[in-house]
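This report concerns only the one structure given below.
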Amino acid sequence: MINVGIVGGTGYTGGELARLICNHSGMDLTAMTSRGNAGKPVSSVHGYLKGYVDLDFKSSIDGDEDVDLVFLATPHGVSMEHVPHLLDMGLKVVDLSGDYRLDDEAVYRKWYGKGHEDQDNLAKAVYGLPELFRDKISKAQLVANPGCYPTASILALAPLYAADLVDGDVIIDAKSGTSGAGINPTARTHHPNCGESVIAYNSGKHRHQPEIDLILHKLGGGGDVYFSPHLVPIISGILASCYLDVKDEMTTGELQDLYSKFYSGERFVHVTEEGSIRDVVGSNHCQVAPVCMGGRKVAVFSSIDNLVKGASGQAVQCANIMCGLPEGMGIDFPGLGV
Amino acid sequence: MINVGIVGGTGYTGGELARLICNHSGMDLTAMTSRGNAGKPVSSVHGYLKGYVDLDFKSSIDGDEDVDLVFLATPHGVSMEHVPHLLDMGLKVVDLSGDYRLDDEAVYRKWYGKGHEDQDNLAKAVYGLPELFRDKISKAQLVANPGCYPTASILALAPLYAADLVDGDVIIDAKSGTSGAGINPTARTHHPNCGESVIAYNSGKHRHQPEIDLILHKLGGGGDVYFSPHLVPIISGILASCYLDVKDEMTTGELQDLYSKFYSGERFVHVTEEGSIRDVVGSNHCQVAPVCMGGRKVAVFSSIDNLVKGASGQAVQCANIMCGLPEGMGIDFPGLGV
Amino acid sequence: MINVGIVGGTGYTGGELARLICNHSGMDLTAMTSRGNAGKPVSSVHGYLKGYVDLDFKSSIDGDEDVDLVFLATPHGVSMEHVPHLLDMGLKVVDLSGDYRLDDEAVYRKWYGKGHEDQDNLAKAVYGLPELFRDKISKAQLVANPGCYPTASILALAPLYAADLVDGDVIIDAKSGTSGAGINPTARTHHPNCGESVIAYNSGKHRHQPEIDLILHKLGGGGDVYFSPHLVPIISGILASCYLDVKDEMTTGELQDLYSKFYSGERFVHVTEEGSIRDVVGSNHCQVAPVCMGGRKVAVFSSIDNLVKGASGQAVQCANIMCGLPEGMGIDFPGLGV
Amino acid sequence: MINVGIVGGTGYTGGELARLICNHSGMDLTAMTSRGNAGKPVSSVHGYLKGYVDLDFKSSIDGDEDVDLVFLATPHGVSMEHVPHLLDMGLKVVDLSGDYRLDDEAVYRKWYGKGHEDQDNLAKAVYGLPELFRDKISKAQLVANPGCYPTASILALAPLYAADLVDGDVIIDAKSGTSGAGINPTARTHHPNCGESVIAYNSGKHRHQPEIDLILHKLGGGGDVYFSPHLVPIISGILASCYLDVKDEMTTGELQDLYSKFYSGERFVHVTEEGSIRDVVGSNHCQVAPVCMGGRKVAVFSSIDNLVKGASGQAVQCANIMCGLPEGMGIDFPGLGV
């Protein structure tokens, strides 16, 4: 049994981690921290965990816990305060923030607006997308869990980049549910403001753009990635609609074949004909639908649950791999369907 | 032309007032105040008013404006700071807060948690529900515009109280859209929290309960009113579902007749067969659907747009009456339909 | 291992049953029928089951399947065509329709508009609400799984009826998500019609009213039950708001104590302070929040996921009990939380 | 006073036309047809029009009406059955279907799957986008009202095409509310299916693609238009997100200037900084937000209410122009705001 701790357990990804681990037959949740709620029962903050998580929040992981692996569900900039210490304690770490995803300190500085304080570990961290980096994850002590948008986007585009079929730039128009904005109320996520609207934000300026660009270019050549996120009035789920030219004309059938081969054997990635969020909500699955729009223009629609495959589910998937457990343990169930 | 000012123009009711007045052929909006946004263009806060309201927010109405009537879209407790001064200036006032709705200071103190600082005017204020108090409104200098829930609830029950048909207590189970909670983001109105939920709150403890009870008992006898509000994930609209016993069995047909006669000639109240919000959204109309549930048990469903008939539209309706304008001027248009 | 079949697998409850059973460690799903989709893969209809249910739909259960227990996810009136035959084959049956819930044929005829064709089994069927009828369910061959509204309503009111505390009639104002209306598109569930509305329907005329009334009066005395359902724009979940007088004044604290004792030891019923749907969505849990509204007036808010505790989850719970499996097997996980 | 008729008045665009005309000071609605609802009061189908439209539906416009102008709110393929006859009667016609938008019969045949039966008038019809073709509209007897997606898309891109700044292909990723799918319930618009999802459909295959491409290329050069529509769970509104390269790098400021000049003096098009639907819902306004994404990559976000500026509001705008009325008469009001 692997004992795990969650640092930063107040937010949505922290609660979701606890939800997954409480039914995980290879992991025990032994500690959960929250600066603001230390001392309170976890289920007083996450009511749906009543009867499943009987811990009180601690203020920090301080070494006297029975913990083998720690999930950091902390904000960007906070994770790198914790990582060196946790690694020194010999713990495995899966960081859900953006702190260890970009391998170049200058790029980090540009997009996160501050210097990186733990460059040694930045160089050692493995990007936690199992479908692409399973082997490295299995040997890593520190995994940088991908962002929600990058998970959907990279899975959408990896087969084309890996086959060196991309000609020119790629546009990613992504639509996210509001839980992606986190647990703190804001004007943007105030229901009267967002409930019947679609909002474009940070086009070309979102931190997930360099992350997507970096990973895809590790797989193959192709032009720049331009990322344009939108907020839509659903709670959970992301649909990433990706547009690009392939080098030579391909039919939808040829695209579907390429994708089916690329993801053959993958438990959590499915090639479908239509882009839609519904079937993946509540699950760790990703649906990828490549379509020929005419000529060499290709659209790929990729959908995930942003809190599961886009965050906590994938973190558990990585942790399973790191700990030698079956990769799907605790996360291998279908979406809600309705 | 009546010149009007809006005090407290940052919120939803303030914006809605401006929206209605900008197309009102008998009123000009000459001043709009906001403590927090003084100096800024109104349309920088309310983007949809661009091209319609060219004012900048002022910090207060100070007497040098060209104003005949003031709408107070200020919070409870703040309105009574403004009213004495405005009345002294000879202005007509329509107050959208709860400050002047309860005619008994002790009741105000109990439900609003503080003493009333303007008891003289409290005694003079007229309750601004035109369908019941049209004559008094026409002579009033100060009108207390009804709350959103009370508007729906009182219009639902007035015909039965007025005919002295109510036997015992009345239950009002009301469902409100999230705009009723105001413009400030809260945990309750954070989309991930409320977007797929229904939340019961303040059952028997909401300030609108004594308001409904007070007005209905001015019309006739009957037991106590118990009010139970709920938040539902729509932006605009209230459905008040009211349950009671009538003294003698009545069929749905008899109820429909009673209601049709009571509201005969009313432009903004319609007797319908089904309770539903859809048809009234975006309008000043109220739909009332009385139904026999069996025996002497009666249900009455009443729907309004909480920001129009439930707030700003009704305030304009009252102002029209106070100023001798046609009652429906500026607010006589159908709902959106879709 | 219990082999189970699902008859009528095209709809939401059929899909939900399959979703639950595919991760149930004591049950195997060996057959799933659909008249309209016979021959097609189940996952072509329920995309979210891809990788979890590898069956094709059959046209019927005909005896050559390896089946110990059958779930009937068939419409009212259709289940009673199947039940006699399945019972004769020695199978256990959990019927999710309304066909065997009312023990009086005359009442069935009145509310379902047709005679009952299987009165022998009608008399033998056990009402499948484990928290009240666990023992009988454990010995039953045929269980009538409760309706979604009755599950929420009866769990809300059982403690008061059982303690003989109810004085006079009970009003149940229930709010349901749209999945309760089933998989077939209708004008009422067309998104532009329902997406920003609340609709009251069948007040005092819904078939769930006599079902609630029947079961509650088996527990104790009290006046009639009046049931008033509403459609709200959420997909999953029911909040039943129940209003009544208790015989003697009770504080909220006393009510909470009574409920906590009544449901002590129940895995799936929780006494809470606030009525809200959010925490139970995606789970088999029910939250019940009793509140004193003032005087002897009591409100009880009860929330469930209509497709889980209100249908398929409860059906699995009953099947577990009938088969001697742990009651929570396959359904003991928390709600989604977000 | 211009007397107008509406053919095909059962649907959303027909109801919306009636809603606008009933408050239009230069038009009277004298006839409204519906094959399926002939003889019934209009307000029995469109409940929100009660008190505003007192007509019964007729089965057709047959010449004895007092009508100067007809709006065809009929499906594609049906309009061209009506147009020749109506034009022969000397009436002005605004057709809201796609029948007269494509000026090339071969293109029509390809995208609409049938031959065009009224090629003479096809050649004479004027495309009803006032901001681009105001003069032609003023002289036209037959106006082809633009589609909802094309209105948003063309207004987004016209300034760049007209200035010959577009380098290569254009991607339009559009998000539409469900009212765009029309009044008939379908599986796609069934609330449980669409309420928490985003669905991509007809990418590169939608009939609005050639319409957008045709009109933009009348303004200037540039590559092909690729159109990718999505359904989002809002009722009203479209956000079209357009992506392209400009020939030389432009800052967001330069783009804003270009757009502000291009739309200078336009009452219904506003250049904004952020793409969002909220402010235009319920209005005839369009917001256009051009943004530099980096390098020569530009995003333009364009939002409209699909039933107003995207259909019935624009039809009234065209009719005003055709009849010599002030262009904004009856449609010059702000959006709902909330």
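A, B, C and D are the chain letters, set down in written order, and residue numbers restart from 1 in every chain.
Keep in mind that, in the parts below, a contact is a pair of C-beta atoms (placed from the backbone, for glycine too) under 8 Å apart; a residue touches a chain by one contact, two chains touch by 3 or more.
Just so you know, these numbers come straight off a predicted model, no measurement behind them.
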Going by the stated contact rule, which chains contact subunit B and subunit C alike?
A, D
The pair out of A-D and C-D sharing more C-beta contacts is A-D
What's the farthest chain from subunit D if centres are computed as the mean of the Cα atoms?
C
From the mean C-alpha coordinate of subunit A to that of subunit C, what's the distance rounded to whole Å?
36
Hey, how far is the Cα centre of subunit A from the one of subunit D, in Å?
39
Just give me the whole-number Å value for how far the CA centre of subunit C lies from that of subunit D.
46
Shared-contact residues (touching 2 or more other chains) in subunit B
12, 177, 179, 192, 194-196, 233-236, 278, 338
Touch list for subunit A against partner subunit C, complex
12, 15-16, 19, 22-23, 46-52, 179, 196, 235-236, 267, 270, 272, 278-280, 282-283, 285, 307, 333-338
Along subunit D, where are the residues that touch subunit A in the complex?
169, 171, 173, 175, 177, 192-193, 195-201, 203-204, 224, 226, 228, 230, 232-237, 239, 241, 243, 245, 274-278, 281, 289, 291-295, 297, 299, 301, 303, 338
Across the complex, what residues on subunit D touch subunit C?
12, 177-179, 181, 183-187, 189-192, 194-196, 233-235
